[in-house]
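Presented sequentially are two complexes of subunit A, the first with subunit B as partner and the second with subunit C.
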Partner chain A sequence: MKSEENKVVKNTEQQNAPSLKEILKAEEAELKAKQKAEKLKKKQKVAYDINGKVIPDLNVKHVRGIESKKSWYGFYFVLPWIIGMVLFFIIPLINSLRYSFANVIPEEGYMQLDWVGLEHYVYLFKKDENFTTNLLGAVGDFFTSMPIVVIVSLILALILNSNFKGKTLFRGIFFVPVIVATGVVMMHLTDPFGGFGAIVQLSSSVTEDAYSAVGTSGGMDFTELLNSLELPTDITAWLSSMITDIFNTIWTCGIPVVLFIAGLQTIPAQLYEASKVEGATKWEEFWYITLPSIGQTLLLVIIFTLIELLTQTSNPVINQAYALINNTEYGISSAMLWVFFAIIGAIIGIVIFIYSKLCLKRWE
Partner chain B sequence: MQATMSKADQRKLQKLKLKASRRDQYKRFTRSKGGNFFYTLFLILFGLFSVLPMYYCIITSFKPLDELLVFPPRFYVISPTVASYLTLPSLLDNLAVPLSRYAFNSIFVSVVTTFFHVLVGSAAAYVLAKTNIKGKTVIFAVVQMSLLYNAYTLEIPRYLIYSGLGMIDTYWAYILPMIPSSMGVFLMKQFMESNVPDALIEAAKIDGAGSFRTFWQIAMPNVKPAWLTLTLFSFRDLWSIQPGGTIFSEELKTLPFAASTIAQSGIARQGCAMAVTVIMMIPPILVYLVTQRSVTQTMSSSGIK
Partner chain C sequence: MSTKEIQLKKTVPALNKHKVKEKATGLVVSIFRYVLLIAISYIILYPLFALISFSIQSKADILDSSVTWIPRAPTFETYKVAWEYLDYGNSFLNTILIGMVSAALEIFSCAVAAYGFARFKFKGRGLLFGLVLLTAIVPVQILVIPQFLNYRYFNLGYLIDLINLIPGVNIPFLDLSDSPFTFWLPSLFGVGLRSGLFIFIYRQFFMGLPKELEEASWIDGCNPLMTFVRVVIPSSGVVFLTVSIFAIIWHCNEYYQSVIYFSETFPLSVMLAGVRDSLWHTGVLDMYLAPYVSAACLMFIAPVLILYLFLQKKFIQSIDRVGIVG
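Let's turn to the complex of A and B:
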């Protein structure tokens, strides 16, 4: 029975097919006409109320929805930045990724690429002995100096945030070096005899993170100063390395201190008053009020410090990559930097994950 | 009695009260003398390390030649002179271009780039913080990612783009690449999210302000500390900008380049090198002093998410 019915339906369909199509066409045309009319309505910039009547006096822009308008303008607002970002960051980034899979031969105005696949990456890990040691050194350095920087700057911020005479002066003392010590000024502070390395001359942006060079060469030559004291050589060496370390730490601490102070200032004073009434010690106050309150700031500082430590010029991996660039080995250096950045990304990811699991959750 | 109390007396009373309350505040520094002592020691020790290089630099710039070459170097001057500063112009005569040209280049590049960087960064941040455009999350992800990359690691592919755009050996090579730096967008976005209430923007729209007007007259004044801070950071970076491989003609080079040429002229010129360093330090410090009050305020907002 069913099949018969189907047949009947099919037959009728076949018979009515042209008319059905016509109906469909007509419907489509109607729809189009409606859409056109709507478009026209929109173009006319006239506002309508629910019944489709024209509202004469209202400003049309607002009736058509602030959100759509905003997002359209938003595009114009963000456009200059996007153009710049694509030109000077994203295209170079993609190109450097392409270089890492190829042998790069510089030609006039462009780069000749001979694809070699993963060869550079394999070379880095299997043949280049320096790379793995440098990589481990960089990561190891980071794990020893990051906690020091974070703890020292937290202590400094705690002190600078309390009320005492001359706190503005001391804040200035810790912040002015951050402002002043860039580029040539930093170079002169540390190395007045003009021992500019080839790396520094090659790129202006290198100088941005030259803090690390403090005390390591020239400048106020502490090693020689210490030598003149005629102490045993072991002690001299130890002292000079320690002084260098202290300098490195202090000059990296500038921005973290400012961040911490800012975080500390947002803790409501009532919390401390309450804890005082309850009879908490300063120590308890720190662990139960201060630290949990600046949890987010602490995370921000950790990330800032991490980026600063891992991308500064004194970093052995960056140094090695730069030497390679000077030898026009663009392929290998790109591969090297990509490996390094992948590791930085992974470290930051892990740090954020562990931190938010262990600390932030508990403090909340 | 109180009604008859003269205005001067009232002011005195207020002052006394204020003093008393301040004294209380200072007392809360720590609760023990030992703690106080430790804090002060820590501050002074670290403060010393922080200012020592700058102090040494300033001192050295005032040393006469015979004191410069004393070993071990002294941290004080016996007979200070300004000879180092006075010889600077004659030293620079040897350079192909007058000093004023270098100074003009530096100031021009710093001011123009800082202005456009702050403007472009704030506009982008305003959109990211306060509207719902498509791809907002993608854009912000790019911002965060680009924070991780050190600019000079991309120098080679960038150079190709510079040459493709014909920017080599023009002012554009300084200015254009620095404008879309992501630090500005990041800082401004964090600040705008918490400091520009949505209600304010809606109110502005309803009152008939356009998008640009809302941004310029409503959002920006509300985040003044933020863009002042950004100005400071940006100026600080740009003031130290040196021609990399992108500038070749002498008239387009900046002050740091001139300063480094002086520094390379030998140990006997150490005083001059220090003098030029001291001069180089002044503009950023001036900008710092102007914007100083706003800085800590801004940092607090970008720290809290």
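Let's turn to the complex of A and C:
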């Protein structure tokens, strides 16, 4: 009996086998067709409801926002800027690039250019010893002070953004550098040469005084204290340079603090309320809500600080270029500034690239 | 006793303990906060106070090592000398004429461009906005020399060159150097001092404005320009205030371009930069220079500082509400 039954089963299987395959094939074909249809639907960007009927998309199809309606109007708004940009930005930029490849002799109405190819650039890197040291100094200074400026201004902004008594007073004080720092006054305050030594001493004595005010080392020499810690000499040197630089650092923080506060204000309060309900600590709140929400502001601050630090009045490269301009050596000074600008551009590019890869993506 | 009351008795002390702990940490945090803020305020205000103290020291006070803050024989002679060397009246007027006018122009031209970038999706918008950022990044020093020539022999964007191609016609180039046009023209077109940053700030703000108001004014028949003037500008006073303050301050402090463009009519910043050297050349000894320079610095800061004191509250509030997202 059993064998008979088996046979029957086998028979039926054999009979059904091709048909099963066919069914499978048919199913596959159906699936593919469905997928195709879905893809088409996606391409058309039309929404379907459960029954497969088209939902009229109010936003896209029928009622248009101003953004897309008569979008060419935007062109008229931007047109004056485009004219200005070409006249006062693009043309001078290209001209200065041309100057960097030539000996420039000012003539009535135009510049006489004697093309020398890459000579200026070769000169800068091979013969002009000051330039490479100045350049490395400027870039090195930037890399040590940029993180400090960003971190300090973020901390200050967080403090000034919280609620406490005297908030307006402190904010008022903290914006003073915004007014004074970006200018000639700063040049006088930090001028290391000549008869204005008194105020220079002032900027170094202010740091000492600040320490005695905070109480970390009352009147004690700070570098001695650092040396007694027996850290590696590199770290000690870096720390002490940081400390003597505190005056400059704090004064560069003005505008970053303003930008950070503006960014912090845009974080919706509901996020913090939700995190309180979930029982998050302040530390977690900072890492999971505050920092991701101001990711873009942080990038803006980094780029702003970068430009600010690299084009400061005290920057040795720019001083050197200005001295050359005064000697009417326009060609070399243009080449110098272009090398400098290329380096700034490269740094900005790398910073944006790394930042968006590492931080912005993760925070989204 | 009901069970509820027992539960309450149990939970109340626990809550109190928690509260006490919270209060203690709160106290520590606030003490730390004030110490930090006061220390940093000290660093910020120190130079200002020192400038004031220096500026009223007489020669005797400088030699007297016991004088640190308050001079024994205060003198206001320094201000008089600094006024003369700065040529304060004239150079202040120059700063107003050059800086303030172009700040005013810039405030509006940047807003117009930013509105175009924020509200309309025209072709090439991304590329053009990239160029806005480029104008913000390129250091101004790189452009200064070609810019100067551009103004010295101004050809209306090669228009005069084109006209001169006609045989027999020879129009001379305009000499705009040493005139306020050097700052007015770029500001008028929205490519002035730090315009890139301003356009950026404006754009962020305009993008955050609700569209409905503008749509309503469109439906009522306003064209986009009228909508901008009548609807957008009145509702964005905050961002205008922020940008105005920055524009005014930066134009006052502008030095790098002015020193190249101007040869006779100097703004205050250029005069201040040269004040130490000109004093030194008239034979003032190095050690006596500081009071005069301090006085000059204070006279330079004063107008902006007074303006800031008046606008301070509004400015701080406006920063809260501008919201630069980036």
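Heads up, the rule we're going with is that the second predicted complex is superposed on the first by the 211 of 364 C-alpha atoms of A that agree within 3 Å, B and C clash if a C-alpha of one lies under 4 Å from a C-alpha of the other, contacts with A are read in each partner's own complex, and residues count from 1 in each chain.
In this text, a contact is a pair of C-beta atoms (placed from the backbone, for glycine too) under 8 Å apart; a residue touches a chain by one contact, two chains touch by 3 or more.
All of these numbers come straight from a predicted model, not from anything done at the bench.
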{"item": "Which superposed partner A:Ile261 touches (first subunit B, second subunit C, both, neither)", "value": "both"}
{"item": "Touching partner for A:Asn163 - first (subunit B), second (subunit C), both, neither", "value": "first"}
{"item": "Partner chain in contact with A:Phe341 - subunit B first, subunit C second, else both or neither", "value": "both"}
{"item": "Subunit B versus subunit C as contact partner of A:Ile173, first or second or both or neither", "value": "both"}
{"item": "Touched partner set for A:Ala102, first subunit B, second subunit C, both or neither", "value": "neither"}
{"item": "Subunit B versus subunit C as contact partner of A:Leu135, first or second or both or neither", "value": "neither"}
{"item": "Doubly contacted subunit A residues - partners subunit C and subunit B", "value": "66-67, 69-71, 73-75, 77-78, 80-85, 87-89, 91-93, 95-96, 99, 109-111, 156, 159, 162, 164, 170-177, 179-180, 182-185, 187-189, 194, 196, 202-203, 206-207, 209, 214, 246-247, 250-251, 258-259, 261-263, 265-266, 294, 296-297, 300, 307, 311, 318, 321-322, 325, 330, 337, 341, 344-345, 348"}
{"item": "Residue ranges of subunit C touching subunit A (in the complex, touch as defined)", "value": "30, 33, 35-48, 50-51, 54, 109, 112-113, 115-117, 119-122, 125, 128, 131-132, 135-147, 149-150, 153, 157, 173, 185-186, 188-191, 197, 199-200, 211, 214-215, 218, 224-225, 228, 246, 249-250, 252-253, 255, 260, 269, 272-273, 276, 280, 284-290, 293-294, 297, 300-301, 304-305, 308, 312-313, 315-316, 319-326"}
{"item": "Residue numbers on subunit A that touch subunit B, as the complex places them", "value": "59, 62, 66-67, 69-71, 73-75, 77-78, 80-85, 87-93, 95-96, 99, 109-111, 152, 155-156, 159-160, 162-165, 170-177, 179-190, 192-194, 196, 202-209, 214, 219-221, 224-225, 228, 246-247, 250-251, 258-259, 261-263, 265-266, 282, 294, 296-297, 300, 307, 311, 318, 321-322, 325, 330, 337, 341, 344-345, 348"}
{"item": "Touching residues on subunit A, where the partner in the complex is subunit C", "value": "65-78, 80-89, 91-93, 95-96, 99, 106, 109-111, 156, 159, 162, 164, 168, 170-180, 182-185, 187-189, 191, 194-199, 202-203, 206-207, 209-210, 213-214, 246-247, 250-251, 258-259, 261-263, 265-266, 294-300, 303-304, 307, 310-311, 313, 318, 321-322, 325, 330, 333-334, 337-338, 340-341, 344-345, 348"}
{"item": "Complex contacts: residues of subunit B adjacent to subunit A", "value": "25-26, 28-31, 35, 39, 42-43, 46-47, 49-54, 56-57, 60, 71-73, 120-121, 123-124, 126-128, 131-134, 139, 142, 146-158, 160-161, 163-165, 176-177, 179-180, 182, 185, 202, 205-206, 208, 210-212, 215, 232, 236-237, 239-245, 256, 259-260, 263-267, 270, 273-274, 276-277, 280-281, 284-285, 287-288, 292, 295-305"}
